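Labels for the chains are A, B and C, by order of writing; each one numbers its residues from 1.
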Amino acid sequence: MDSMILELGYALDTFYFLMCTALVMWMAAGFAMLEAGLVRSKNTVEILNKNVLLYGVACTVYLFVGYNIMYPGSPVSSVIPGIDFLLGGDNSVDDVVMGGEDAPYYSNMADFIFQAVFAAATMSIVSGAVAERMRLWPFLVFAVFMVSVIYPVSGYWKWGGGFLDELGFQDFAGSIVVHAAGASAALAAVILVGARKGKYGPNGEVRAIPGANLPMATLGMFILWMGWFGFNGGSELKIANVEEANAVAQIFVNTNAAAAAGAVVAALFARMLFGKTDITMTINGALAGLVSITAEPLLPGAGLAVLIGAVGGIVVVLSVLMLDKLKLDDPVGAISVHGTAGIWGIFAVLLSNPDATFMGQLIGTLVIIAWMFAASMIVLVILNKVMPLRVSEEEEMDGMDIHECGMLAYPEFGPASQASEMHSGGDSGQSPSRVNPVSKAATS
Amino acid sequence: MDSMILELGYALDTFYFLMCTALVMWMAAGFAMLEAGLVRSKNTVEILNKNVLLYGVACTVYLFVGYNIMYPGSPVSSVIPGIDFLLGGDNSVDDVVMGGEDAPYYSNMADFIFQAVFAAATMSIVSGAVAERMRLWPFLVFAVFMVSVIYPVSGYWKWGGGFLDELGFQDFAGSIVVHAAGASAALAAVILVGARKGKYGPNGEVRAIPGANLPMATLGMFILWMGWFGFNGGSELKIANVEEANAVAQIFVNTNAAAAAGAVVAALFARMLFGKTDITMTINGALAGLVSITAEPLLPGAGLAVLIGAVGGIVVVLSVLMLDKLKLDDPVGAISVHGTAGIWGIFAVLLSNPDATFMGQLIGTLVIIAWMFAASMIVLVILNKVMPLRVSEEEEMDGMDIHECGMLAYPEFGPASQASEMHSGGDSGQSPSRVNPVSKAATS
Amino acid sequence: MDSMILELGYALDTFYFLMCTALVMWMAAGFAMLEAGLVRSKNTVEILNKNVLLYGVACTVYLFVGYNIMYPGSPVSSVIPGIDFLLGGDNSVDDVVMGGEDAPYYSNMADFIFQAVFAAATMSIVSGAVAERMRLWPFLVFAVFMVSVIYPVSGYWKWGGGFLDELGFQDFAGSIVVHAAGASAALAAVILVGARKGKYGPNGEVRAIPGANLPMATLGMFILWMGWFGFNGGSELKIANVEEANAVAQIFVNTNAAAAAGAVVAALFARMLFGKTDITMTINGALAGLVSITAEPLLPGAGLAVLIGAVGGIVVVLSVLMLDKLKLDDPVGAISVHGTAGIWGIFAVLLSNPDATFMGQLIGTLVIIAWMFAASMIVLVILNKVMPLRVSEEEEMDGMDIHECGMLAYPEFGPASQASEMHSGGDSGQSPSRVNPVSKAATS
């Protein structure tokens, strides 16, 4: 019967991991809806395609390459991970029952897929920042490099047991390892592709380019919030005893508390600054609260979690304004939410985790940000020679959907042409020249 | 090994609680989508803001105040709850393993967050009823009072072990404690803020004001339906043995059966009455089925659950018509769904629960409705002196989004001005005077 | 204590089943959003009604009739199932603890509701294929027959232990039993109701009729993808020991891998064929990947799962083109996704499952497809005499929403009339003759 108890614990931990995986996978839908709601209608199909396909690409290349780099069986050194060939087998009953203290307590396959959806989330951060002007397929080629090598290497440094882990860098569920990492790659891409036409005026003025569907963006935020229970909760890695179950419950409480405070404080702050309650700030405040608590969602009490999230809500509003001053055009605020709030989160660890040191947090942050930024920049610059990253001026005016996808996101709502003229000076979303791929193919 | 078994049970029950919490949290998205789909486009950003922020406010104030009132460590009396200071610590391994019969069987933190998302759901009911005319920030100030004190007090009377519980009032998952409670607060607010301009004609005619995005409203219903598995299923509070597991399974079956019957019967009934299959009746029928079974989702057989839901589907259609006759303007039908169907549900308990008495159910219902209505009314009347609850006539014409949030939900779909003229006689959603907060702030 | 271990296992397996049920129920929302996004705005309310109500009808009739046919206590023969009366009671503690090898290991009620949401999914496949021209109520009457008898009979042949199971037909989670079965019924209906007016030109040209809301369709796909973890994962039926937990984890990995590959490959293939990255092909590629792996999501390694999904992505694109050549009008590609990819999936079982034979797979496929097609056709032909299945020409021009539901899905977006003219030559979605059922009823 004793072995049955161990098996039950293994099954419960595996099941918990798989439910958390489903929640993090669901975040892919959250990013898709958030970004689709915050871009103009003429670029919506393209951003949807990016989101679905980056998830597809990420899961595939992480399976064949990325996972093996991030969690290598026999690393070359604490800096160079090495690589094994493909995914190994799963644990046997004997491994579990007779393994003693070091026995595995959940399925390797569950571990893999939980890590895979994290990798996809990292890539999702990039798509929003380069929305409305970076081409679809170059973006996907970049995703191949990012998820198979770039992200796994810095992931290895911390979570795979590399030198940042040895150094004492503390990042529980990835404020830096995932979120600021994605934001750093996004920043490289944003610098390279430049701002959207019309975003910044000749005299330094910043022009808002309103998103086409704010309920959809809000839905995206709710999906991300829900998925974050899996993101942070799953990162505890175990639930099957009293202390671990309490820990996961505390993580749920703190994750929710930080998001709640981030939303409210960002909304209040935006109301104060602008005189209006800007829903995009409410949304980004909630997300910033989530990112802020991600570096340490376990050790703070709920009151401290509220504080960490609330500061995140302030930080994100300031960061959005600052990036616009720097003419770094991020249509959805991804760099502010995942980067700036991620950095706040990693230092907030010092408030509750006695094992964290200021230097450790600082070095870990700088190393990962520098690596992700530099490696992404190199890949993107080379890629840009082969496949231009940025759409042509004409394509940008007309919208990417017609040119890249041959269709409109909302063909009956409009008149898109009139709406587009009002907002961005030109273009026709409901162009009579609309190419219909299926009918052409089927009749030719 | 015996202690490991107890620990495993504790872990399973805690995990079950946390999954149910995630599902109930997800209902916040359901309310947001439902309400955003059922209002006009010019008031959509505002209702989205209300939904996100009320959830944020509710979780925060319930943490610091509400939970401690609803489940007080040392109540003053069965009527007056008393209050402890903040959330206590969690259970130790010893508590669980050596506690015997009275040992805790799940995490206190899991209990807290499950209760917190219930409190937020109660508040979500109000936002729909006062949509399109109650200001954002007064609403949120009201949310502070409602979730920190008003709801917890009546919640204490039943679920905290107060006098309604002693009286034998039976309300399993909150047809009255949550749903009719929210509806009673909503009714107070609806009476106070009055009907939307143009809803009722001078000769008593009722004018439909169609919602702008019915797919989104339908999505909201599906989200609520899914979340209700957590709402009712989690209210069993335990799953880790054969009888409890069977009970939770029965609750899933009954919850789904009642919703299914409610939707079909309401659609049929609407088809009969109006000659058309009104999707808003289908939606509200499903939700009414869910509310109806919430008072007792365990004891009925599946057949009886179908009947209870079916009656709920009839009740909600009649209630919607009745409220309009009374000129009580509830844009989403929240009072009918959560109030009227909730009352039906509480008396339907008599069909299956031998511990329930007619008088017990009647007294519990009257006490909670009266308390919620009166306490809400008092707070709202006072609040109205300080911060007017209702938007100005001009703001209502233009839409709340421009005035309160400085943006449009769907800036490219329209022409909003033309559409609004057709539906509500005036106003311009896509006003050229649109203030853009970010650009103003960033360039000034 | 030994009995406590058995009880814990029972509770864990039941909880796992219920979580999978919630995920599969959620697929109903996925189908609704997918279909609502892919039809024109003038037929959107009707398709929403169909999706909500078919789920309601399916769950209700499967409870009273279908489940008892599909899993009969005492079948008449391996072909004729027989029927028991209603749902029986649940397992006692003694059943579980003293049952030995044959003891039940999860709640009967959990089994029922898991099967019920599968039945509803089968019916959901049909609604998309007949969108925009099959009347609402005849469709729902057909749903009664399909879910109470037609689907349960062939379901019995395989999963209820009937002759196809005895024959060695292998279909793990229902590529044929559910998906191709639904597609076969859909094919019968599509043949009977005919193509949408204007879809096929006089000279054989195929005209694309673009969906009104592609973000919503994409959301539907994500919901289905997430729900599929429950669909395939739950079909393992058990998780509470090491081998079963590993199996469920492998199923999660393979399900996700096949969907990822299907999306990417279909998008690439569409890009190659049409020069544009058609989002509807991306969506259908992901879904085809999911359907393809459903027949055997356990035994393939992850690499093979990628391959199976990738081929599914090719198959679905070719099938969509082929069906259009045959003038079989399927607005959402349901027959290609669930039928054609389902057939590929059932033969892909031969790549990993040594118990599967080519003849077994072939016979099982032919029998189920033939049965579902023929039985559906007979019911539909008879039904058509009593309640015409197809809307009138005028109703089709105006849109089904006005005529059947008395409302528009997006009353403020448009001008619908202009948009409709551009896309389908005629009609007015925002007709001034809009009947408002509620106001009429309330004032008369």
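We take it that a contact is a pair of C-beta atoms (placed from the backbone, for glycine too) under 8 Å apart; a residue touches a chain by one contact, two chains touch by 3 or more.
Here the structure is a predicted model, which is why all the values come from computation and not from measurement.
Taken as a contact graph, with one node per protein chain and an edge wherever two chains touch, the assembly is complete, since every chain touches every other chain. Interface of subunit B with subunit C: the two copies contact each other largely through different residue positions, with under half of all numbers used appearing on both sides. In this assembly, the C-alpha centroid of subunit B lies 31 Å from the C-alpha centroid of subunit C.
Within subunit B, the positions touching two or more other chains are listed as 1, 5, 8, 12, 19, 213, 219, 410, 413-414. Interface residues of subunit A facing subunit C in the complex, by the touch rule stated above, are 1, 4-5, 7-8, 10-12, 14-15, 17-19, 21-22, 25-26, 28-29, 32-33, 36-37, 44-45, 48-49, 51-53, 55-60, 63-64, 86-87, 90-93, 96-97, 106-110, 112-113, 116, 136-137, 213, 216, 219, 404-415, 430, 435-443. Residues 1-2, 5, 8-9, 12, 16, 19, 23, 40-41, 204-208, 210-215, 218-219, 221-223, 225-226, 229-230, 233, 239-246, 248-250, 252-253, 256-257, 259-264, 267, 270-271, 273-280, 282-283, 286, 301-303, 306, 320-321, 324-325, 410, 413-416, 418-420, 422-423, 429 of subunit C are the ones touching subunit A in the complex.
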